[in-house]
Structure formats: C-alpha cells, structure tokens
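Note that the chains take the letters A, B, C and D in the order they are written out, and that residue 1 is the start of every chain.
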Amino acid sequence: MLTDLATIDSLFYLAATVAVIASLKVVTGSNTVHALLYLVVSLLAVAVCFYLMGAPFAAGLEVIVYAGAILVLFVFAVLMFGLGKDETINAPKSKSVANMFGAMLLAFALLLELTVIINNAQIQQTLQANVVSSKAVGIMLYGPYLLAVEIASFLLLAGLLAGYHYAKPDVQGSQL
Amino acid sequence: MLLASLPFYPLVSFLLLILFAKRLSWRLASAISVGAMALTALVSGLLVFELSNSSSHFISVDLWHWFSLSSQQRMAEVNVSFYLDGLSAVMISVVSGVGFLIHLFAAAYMKDDANFSRFMAYMNLFIVAMLILVLADNLVLLYLGWEGVGLCSFLLIGFWYQEQANVLAARKAFIVTRIGDTSMAIGLFWLFSSFGELNITAVSELIRGVGSSEIGFSLQESTDIYWIALLLLGGAVGKSAQLPLQTWLPDAMAGPTPVSALIHAATMVTAGVYLIARMHSVFLFAPEVMNYVAWLGAITLLLAGLAALAQTDIKRVLAYSTMSQIGYMMLALGAGAWSAGVFHLMTHAFFKALLFLTAGAVILALHHQQNIFKMGGLLKRLPFESALFVVGLICLMALPGTSGFFSKEAIIAELWLSTTAGPALWWCAIIGALLTSIYSCRLFFLAFLGNERFTEKLHIEKASLMRSALLILALLSLFGGLISLDLSEVFFKIKAEELISVNEPSWLHTIAIATPFVGILFSWFYFKNYRVDSNLEDGVKTNLTASEHRFAIFCRNGLGFDSLYDVLLIKPYQLLAKLNRRDFIDQTMMSTAWYVGLWHDVMTMIQNGNLRWYLAAFGLAIMTLIGVSIL
Amino acid sequence: MTTIPLFHVLVLSSLLFAIGFIGVVARKNTLFILMSLEVMLNAVGVAFIGAGSAWQQADGQVMFILILTLAAAEVAVGLALLIRMQKKYRSLDIDLLNEMRG
Amino acid sequence: MLTTAHSQASLNIEIISVILPQLIIAFGIALALLLVAWKRSQRTIALFTGAVMLIALVANVSLLTIQPTAVTQLLKVDSYSAFAFSLVLISALVSLHMSHQFLKAHIEVHDEYYLLLMLLVLGAGILVTSNHFASLFLGFELLSISLVGLVGYHRESNFSVESGFKYLILSATASSFMLLGIAFIYSVTGNMSFDANVPNEIYHQQDLRLFFEMGILLFISGIAFKLSIAPFHFWTPDVYQGAPTPVTLLMATISKVAMFVVLVKCVVAQNYLLYDNVQLLLMILAVASMLMGNILALKQQNLKRLIGYSSIAHMGYLLIVVIVLSGESLSFTWQSVLFYLSAYVVANLSIFMVMAAIQSQCSSKVGQLLQYKEELLLSDLRGLFWRIPSHALLVILAVLSLAGIPLTMGFIGKFYILSQATIAHAWWLIVTLVIGSGIGLAYYLPIIFTLFEKEDCTELQANKRPIIEHFLVYSFIIIGLLLGIFPDVVSQFIVSNPM
C-alpha cells in the first residue's frame, strides 16, 4: 500500500514537472504554433494531475474543453489571420534533434504515466477511494450552484457579443 | 420666528440678483440688495431689543433636522437651528449694521461695474453665510457658515477675475484659510469622538459640568481638551489671519474696496475671534492653549504693526493694521478678557470699516492710485474724506474718548493681572499701541499732508449714498465706545476670581493712555520730511536708512527714548521689514505647492501608458504587499 | 484524503501561476500574453481542484468549470481584439499601445 | 459529505421574488436577443432596454426594506444590496440616455451595445447580492467581460483597441490573482460562502497560514484593481480616457458601487479580514490611493483622466470606512458607505452628463459623417456658464460635492467617514484624508474657474438639446441641491438590517 501511495505521489510530481516545463516553454517560445502545442502539453499534464487528485471529471473537461476547444480556437485564429507571422520570421531556423527531443520527452513522459495509471490495479483502487465523482459534481451544479451555471451562460454570452463586435468587419461608408 | 428669518432676506436677494443678473438695472439691483440688508439690520435690531428685554439670556429656534450621527455609544443630532445670545447678538448687529452701511456704500462705489448685480449678490451671500456662522447652534452648522464665508471671500477677492493677480490672490486666500479650516474640522471630529456632542451649548455645559465638579477631568480628557482647543485655534488662526497663516490677508486687498471693508476688516476675519469666544468653555479648561492664544495675538500684533510701517499701498497698510488689531482681540481672549475682546471686535468693525471705505473713496478720487507715496496733500483737496479718515485713525490709535480707546484700554487693563497673560504681554500690547500710532501717523502724513504728488485732476464723486454711509460709520466709531456690553451671562468663569489690585502698579493706566501720544510725537518728528514738504521724488522707498541721522538729531533733542527705541524698535524693525519684504512664510507655502507639483511630475512619469509596465507594477505591488504584510 | 499533500498542490499551482504571470509581463507579443493568461487561469484551476479533493467536496470542481467558461469568454474577446489590432497596427507588439498616458 | 449545509435551499416563489430585479434584467437580455432577431432598430432596442431597467428599478423598490434573505447559498439579498442595486440601475439609465445620444448618429444598428449594457447591469446585480465567492467571481467577470466589450466599442476611435486591450489584459490578470486568492482561502477553510466560520487551527499551522494570508492578500488586490485603488490603479486614467463617455460613466459608477458593496459584504461577513495584517494592508492601500490619486490629478488637463484620478482618491477615502469597521457599528458603516457612494454616483453622473452634452455639441459634421469629439480637455469647459448656465451649475454642484464643500452630499459623506475614523482614533488616516482633500481643492477649483472664463470662440453651434437631457440636468441639479441640504432623505432609504 505504501509503495502504491508513493507511486501516486511520484506520478503526480512527474506530471507536475512536465506541466511546469511545458508552461515554461510556452512563455519562452518564439514560434507561436509551437508555443500553443506546448500549452496543450501543459494542459494535458495538468489533466493527469487532476486525475491523480481524484477529479476525473475535471480531467476530462480539461482535455476536451480546454485543450480541445479553447486552444483549437487559438490555433484557428493564428492560422486564419496569420497572427503568428511576425514571430515565425524571428524563430530559430534550426530544427535540431535536441529541440524535438525535448518535446518528445515531455509527451512521452505523459504517455508513460497514463499507461502506468491505467494498468496498475492498486493505483486504480486507491484513486477510486478518493474520487469526487462526476455525479457529485453534477448534483452540485444543478443544486446549489444552479444560479452560477445560469450566470456562467450569461458570461459566455457577454464574451460572444464582445468578440462579435470586435471581430465583425467594418461597415462601408459608416463611421463606427 | 423673527430669528429664523434673519438669514433669508439676504438669501432671497442673492437668488433674485443671481437669477436676473443681467436684466436688472443698477437702481433695481441696488434697491434689492440694500433693501434686503436694511431689513436684516432692522430685524437684528429688533432681535437685540427682544433679547435684552426677555428674561432668558438666549433665543433659539429649530428649523429642520439635518442629519444624525450615530455610533454604538452616542447619537448626535445635527439640526439646522439658530441660537442667539449676547455674544451672537453683538455679532449680528455688527454684521447686519456695518454690513448694511457697506452695502450702501458699495452700491455707489461699484455703480459703473458691468457685473454690478453679481457683485451685490456675492455680498448678500456673504452676509447669509456670516449670519449662519454666528447664529449656528451646533458646530457643524457653524462650520458650514465658516466655509461659506470662505467661499464668498474667494469669490469676491477674485471678482475682477480678468486680472491674474486677483485670481491668484483669491486662490491663495482660499487655500491658506483651508489649512486652518481642516485643522478646525479635525478639532470638531475630535470633540465629537471624545464628548459625543456637537451642539455648542451642550458641549459647553458638558465640559463645564465635568470641569467644575469635584472629580474634574481624567488625564485622557484633559489631553483631549488640550488638542481640541489647539485645533480650533488653528481654524481661528487661518480665518483671522494670525501668524503663521496671515499671508493671505494683504493679498486679498486685490478685491474691490467694499469687500476689504466688509470681509477683510469688519466681519469675516473676526470669525476666528468669535469662534474662540464661542468655545470659551473648552479654552478655559486648556490654560496652556489660552496662553498660546495670547502669545500668538501679541506676536501678530507686533509683527503686523511693524509690517504696516513699511507698506506703500494704502490698503495694505490697513490690512496689516487689521491683522494687528485682531492680534489685540486674540490677546484679550487669551488673557481671559472675553468681553473686552468682543468689545474691541465691535469697535474695530466700526472704525476699520470707516477707514477702508474712506480709503476706497480716496482711491476712487485718485483714479485707482493706491500708493501713498504718490498721494500727499489730500487734506486740502479732499477735506470731507480726510476728516473722516482722521476720525478713523484716532479711533485706531485709541485716543481718549473714541471707541477704540474704550475697547483697547479694556483689554490692556486686564492683561497685567491675568493668569494666562501677565506683564510681558502687557508690554507687548503697549508697544503695539505705540506702533499703531506711529504707522497711523505715517499714513496720515504721507497721504494727506505734504506736497501734492498726485497731479492729475481728481475724480470727485459726491454720491450722497456713499457719504451718508461714511458719516454714520464715523459717528459709530466716535461714539461706539459708549455702548455698554454686558456679556457676563455668556462667559463662564471657572471660579470667582478675587481682584487683587494690590499687585497692579498704579502707573499702568498712565502709560497705557500716554502711549499713543508718544507715538504721535515720535512720528511728528520722525516723518517730518513727509509731513512738511518734500524733495522726495516719485516712488521713494521708505528710506529709513537715509533718515538715520535725522533720527539721531531727534534723539539728541533728548526725549530720552533714544537708545531704547534704537535697540528695541529700529534695528529689529529693519530686520523684520527686510524679512517680511520677501515674506518667507509665503515662500514656504509656495514651496510646498512646488513640492507637490514635483511629486505630480514624478508620478506622471510612472503613468506612461505602457501596458507591460502596468502589469509589472501590478506584480511588484503584490510582491511588496506580501513582503509588508506577511513578513 | 488523497495522498498528495495539499501544500504541494498549492505550490505547483503557484509555480504555474508565476510562470504565466512572468509570461504576461515579459512577452511583447500579444498572442503570447493571451496564452500566458491561459496558463495563469489553468494554475488557478489546479489550486481549486487540489483544494476540492483535499476537502472531498465537489465545490472545487464546480469552480473549475466556472473558470473554464471564463477562459472561453476571455479567449473569444481577446482573439477578436487581436484581430483588430493586427488590422490596425499590422503588428502584435503590445508596446505600440501606449498612446494614452500622463 | 458531498452536499454542503445550504445546498437544499429550494427556489420557491418567495425566494424568486427577492431576486426579481436581477431576473427581470436576465429575461430582458433573452427577450432582447429575440427582439434583435425580429426587428433591428436603434430606437426600439434602446427603448426596450430602458423599459427593462425601469421595471427592474420599480421591482427593486419593495426590496429596500427587506430582511436579509438567502437565495441558494450563492446570493443573499438585503436592504443594503437593494439600495446599491438601485444606484446601479439609476446610473445605467442615465448612461443609457447618453449612449443613445452617442450611438444614434450612426447608421449601423448597435444591438450588442445595449445587450452588453444589460449584461453589465446583471453582473453588478449579482455582485451586490453575492454571498459566496463563486457568485462574486461570476459577477466580477460578467462585469469585466461586458466592460471589455464596451470600452473599445467605438471602433473607429484611435484608442479603441488600446483601451480594450489594456482593460482586458489587466482585468484578466487581476481576476486571475483574485481567483488564486479565493482558491487559497478555500483550500484552507474548505468553504467558499461568506458566512463560513474560519477554523482557528489555521493559525497554528505555519504553511496553511501562509497560504491563507496570501490568499486574502491576492483576493483584496483583485478587488482593489477593480476599485482602482493604488497601487493597482494604473489602468484607470487610460481606460477612462479611451472609452466612450457613457462607458466611462459606467466604469466610474456601476463598477465602483458594485465592487465596493461586495467588498464590504465580504469584510463584514468574514471577520478574518479584520486581523491586523489585513488592516495594515488596507491602510497602505488607502493611504497610497488618497495621496497618489490626488497628486496625479493635480495638473491634469484631460477631463476624463482627471475624473479617473479623482476616483482613485475617492475610493481611498471610502476604504477608511472598511479599515475602521468594527463589529458593533455595522449599520453605521453601511450607512456611511452607501451614503458616500450615492454622493459619489450623483456627482459623477452630473459631470459625465455635461461632458457627454459638450461632446455631442462639439462634434462636427464632416460631410455625411459625424466626427465625434473624443478628447475632452479642461479648456473645453471654458465659458460654459455663459453658454449653458444650467449645465454649468450642474458641474459646479458636482465638483463642489466631490471636493467635499459643505452643503453638498460629498461633505456629509466625508463627514460620515471622518466621524467613523475619529471614533476609531485612526489619526493617520484622517491626516492623509485631510492632506488629500487639500490637494484635491487645487484641481477641483480650477474646473469651476474654467466654467466662468470668457470663451474665445463662440462659433460652436447651439444644437437643440433633447427634452430628456433638459429633464435630467434639471432633476440632477435639484437632487444635488436637495440632498445636500436634506441628506436625511437618502439616509432614510438606507434601512438598517437586523443582523
């Protein structure tokens, strides 16, 4: 049992390290798309952390919504409007092996972790004991936090409207 | 109630004038404003009459509930209500009586001004604020009036706002007095927090009750009283132009002359005196502060007297003289001679208003020439004004028989024996009286005697309005001393003090009465060349150094004062005059403003519009705060 | 109780937050600033999840979901503004935006 | 284990009636979306928004005397929050009128503007009633995101992108900091409701205490950012300047009122915020704001920036009330805060109303297009008194109130603050307040001088002013005068809650 706990701990620290390194790469990177991909890695690592902390629902959301939806929005914006242009010009041209190796190492560490977690029955058992289930979250969301959910929808509406206003093309022949 | 309506006559007039400013003819506008003032004066006369006949010592009236301050322990109601007792009766008679006369004069004086009705409106507003100040029954309402008169003073000094100097003077006056005001406001809050009351009568009774009881004040309470008295004194100092906040008054002379007469001589500047007299219960239990008041008054008295000697502008001479006379009142208050102080306030209002108005008439006649070195010989050319000016001056010098004599002697008489004053301050008062007579004579000799240095044709206005106002004021100045003031009901004494007249030397009164004459004699010789004739070119300086040898001759003639005066008066005077020329307190004020401006420039550099810098500052601030609050 | 000490989770979250904040302050490219903001928000999410699992409450996860909506709304507005900036200034350099000052 | 104590509060009719104003706004937003789909017209949507807000205001009146009622664990409505929400709605209505004047000259239909305005009001409504960190955070964000949309709304303006970005990035950073703070607090206390009791053992565990205190600090700095309290004030003048005038008004009034009310609610409920460290922190913030705000405003020529700087100082003054807050005199604290906020709101509304009027007057027609005057300098007020006396009178009243001259609401408000501070013997704060107000005079008074200066050019055409504007101007003059003389009228509305 003790060893298993130690394993969960060490897995957590490993995922945390991956997240920190990937975040560092995000803020120090010079290529926009690379930085975005590092951000995805960071988010995935954080998702693993969530899973290990007993929040599988949040982990799923992190992967699907955060990494899957929000960051894809970034990627779309960058690619469609050529936002990354001025940065890629200054980016280092050398695609050295070391550079790729680092990224691959991070991804590989995450993959390893996932396989270990899924395959190790004892870890699964320990995690099950601590999990705050998605059912509990659902009950909370549609119980005491019902108003919060409603307000959150208005928040999204506000974001949508503001975004729409800024992004819509200028009307010809009209000021404003 | 009659009392409640008192401030509303000028208020209505103010509203009428401000609303229909441009549409009113001179005749109508002056009729409204002067009429309102006449009504006010009449009503206050009736009120004073009513008060003197009524059995109680006060009349009070509640208008409406303003707001209430509550905390867990205390609940203070702040009402808009008026309270009239002997002290405020004196004040309202001065304010409305002298105010009426000055309005009368001003109506003629400002006749040709384009913004005549605006001017009269401000004057009326000032009267409203001043009446609220003196009638207020609680300190918040008093503070309201206090700020109101400040505002009107500001508006009126800057009345000719097209000129840079006037605007600057107005701003300076407002800001400098605000320093005193804030000190006063803090005092009020302190009072509220330690005694939980803001009603003047209630506070007085509370403090008297505790103070005269067996137990007396606790240590905390007496410290509180000390600080409250000190802070209130701060307010009084600002408003009454005493050291060190006196710098605004001479500059305030930039305003029209009736303003100087009304606000900066007769009424507003004495508000500080009124405040201290009103809150005398607090001061009585803070004898140290009483002592400060006395010394402050004495020092202002001397310094302002000296400064008056060096001025060339006729209005500035009068302004410094006002400062010095208020110094007398402060001295009286500090010595516990409350009635004498208030009496002097009243007589001073009469003769100083007279002096200012006459000076205004003279200035008008001379096409706005204010430099006394460019006047001279006016006695022949403007006999009426000169005569009135002489009346004012002899009152100022307190020659026997005039109103100034009665009040000033009353003050001086109480100084020697007072516990909070004493012989040293008595001597200050005497020297002050000497100075007063010297500068008065100098002014008279320079402006009214000697050869005629003003060569253009005089612009003589024989407006009967002006002249009648001046005449009444002159009569008041001469005979105002005969009005007997009985304020013993108002002022509270800690215990019945036995008069120990044994200690009082018998020569005191002789000296006190003789002093002005000595001054006159002194200046008769000293300012001889001004008086008789002169080969003085235009714009000569005071040239005291040049006349040093004349002074020596004078000394050799053996009046015996020679060496004494030389050491005590002339040398320090020259030094002070030199210092005051540069007006170092003024400099300090200005440098503070400059310093704040510097900070502004530095801070503006931080506000550089750079988003990343803002973010960094955000982080830095949080880091610093973590450091401060957690470590 | 989970086996991971709460203290460590909070340290991780602070670390990620600090990295994000440094990114926001240090980067000149507005796109990177937006990404760094995401890193910061994500770090806050870590703290909430950690706290929620330490207390065995679902509140932490609910807060995380709410933060997710915030992130989405913020990104939408941010990217739209970014597009405008690109159109107007032909650059994403945040230091260009300092016309208002003083 | 999974449910907290409050979770079972069901939403029955009684509880719904308590948040009726907020619900009305929310339904209004949904209906407005439908309305946009049906008919796009500038006038219709503006009228509709105004109607929704008026109805909400009316619905809010009955709540002014309500007993504290919890609506789920997230919200708690009491008379104070109802009063604050009325302030918010009134400001929103005034701003709506100004916005309509500002937008109606353009061909394009601006539905999203009105929607964002309503969303902003909804956010403020949630903030003032919130009783839980989650609702605080959501209200905060709803306010911020709608404001981001609004500050850069005038897209043709040179400052649109700049002010939008400045507000977005800074506000996102600030809210991240605030969220991290909340997370830390939550991780230590295990409860996010304001009513939670903080276990005492926190103070015996070194590492938890560290996080707890850092959490409080981060939380407060997030709020301080929104209130533009120094040293988190940097965005204020820039964004004030860049935003369209009606939006600046919203920032100056609604956002400040809502944030301050929620701050006081939080501090009152969570007494751990009264510990020495926090008090020291708040004191530093208050002193810094009072001094920096006033000093920075000193030589400012741009009117909006000036108001921005002065708002920094005012929030500093107001913070004093929070610092000296003690458990015994809660109702007095609330009274002071709400009174001061009302005075502040009335003064700001007055000034901005006149500013908007001048802007529309000074806008010049260039061909078909209306050139909107963006920069509003102090000198633009020159001679206003001779041109439009009523507007000038309004400005004078407002400026005097901001400066705290007697017979204005501002004076009474300052009086409340000072009397609280003296009871608590917070002399340093009082001294700073006095110095700050002293410096304040040096920039408030020149505004009044400028009004009276003779203008050089009279070429500005005197446009016909709409009746509503006249109505608003005169009513605000009357409000300003009346409330200065009879401040009891406002105090009566602030009904104290039996806690």
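Assume contacts are C-beta pairs under 8 Å (C-beta built on N, C-alpha and C of every residue); 3 or more make two chains touch, one makes a residue touch a chain.
Everything numeric in this text was worked out from a predicted model, so none of it was measured.
*Asks:* Please work out the Cα centroid separation of chain C and chain D, and write it as a whole number of Å.
*Replies:* So the centre of chain C lies 26 Å away from the centre of chain D.
*Asks:* So, what's the distance in Å between the C-alpha centres of chain C and chain A?
*Replies:* 11
*Asks:* In angstrom, rounded to a whole number, how far apart do the mean CA points of chain A and chain B lie?
*Replies:* Distance between chain centres, rounded to whole Å: 75 Å.
*Asks:* Quick one: chain B and chain D, Cα centre-to-centre, how many Å?
*Replies:* 44
*Asks:* Identify all positions of chain B at which a residue touches two or more other chains, and write them in rising order.
*Replies:* 604, 607, 609, 611, 615, in rising order.
*Asks:* Please list all residues of chain D that touch 2 or more other chains.
*Replies:* 2, 4, 134, 138, 141, 145, 148-149, 152, 155, 164-166, 169, 173, 237-238, in rising order.
*Asks:* Would you mind listing the residues of chain C that make contact with two or more other chains?
*Replies:* 9, 20-21, 24, 26, 50, 56-60, 62, 66, 70, 73-74, 77, 81, 84, 94, 97-102, in rising order.
*Asks:* Work through the pairs of chains, note which ones touch, and then classify the graph as line, ring, star, complete or other.
*Replies:* Shape of the chain contacts: other, as it matches none of the listed patterns.
*Asks:* If two chains touch, include that pair; go through all of them.
*Replies:* Touch list across chains, by label: A-C, A-D, B-C, B-D, C-D.
*Asks:* If you look only at chain B, which of its residues touch chain D in the complex?
*Replies:* It comes out as residues 64-72, 140, 143-144, 147-148, 151, 161-162, 167, 171, 174-175, 178-179, 182, 185-186, 189-190, 192-193, 593, 596-597, 599-600, 603-604, 606-607, 609, 611, 613-615, 617-618, 620-622, 625-626, 628-630.
*Asks:* Sort out for me which residues of chain D touch chain B in the complex.
*Replies:* 165-166, 169-170, 173-174, 177, 210, 213-214, 217-218, 221, 225, 231-232, 234-235, 237-238, 277-278, 280-281, 284, 292, 295-296, 298-299, 328-329, 332, 405-407, 412, 415-416, 418-423, 425, 430, 434, 437-439, 441-442, 445, 449, 452-454, 486-488, 491
*Asks:* Quick check: in the complex, which residue numbers of chain D touch chain C?
*Replies:* Residue list for chain D touching chain C: 1-2, 4, 134, 137-138, 141, 145, 148-149, 152, 155, 158-166, 168-169, 172-173, 175-176, 179-180, 182-184, 186-187, 190, 192, 207-208, 211, 237-238, 241-242, 300, 302, 305.
*Asks:* In the complex of these two chains, what residues of chain C are touching chain A?
*Replies:* Those residues of chain C that touch chain A are 1-4, 8-9, 12, 15-16, 19-20, 22-23, 26-27, 29, 31-32, 34-36, 38-39, 42, 45-46, 49-50, 52-53, 56-62, 64-66, 68-77, 79-84, 86, 91-92.
*Asks:* Can you name the residues of chain B that touch chain C in the complex?
*Replies:* 604, 607-612, 615-616, 619
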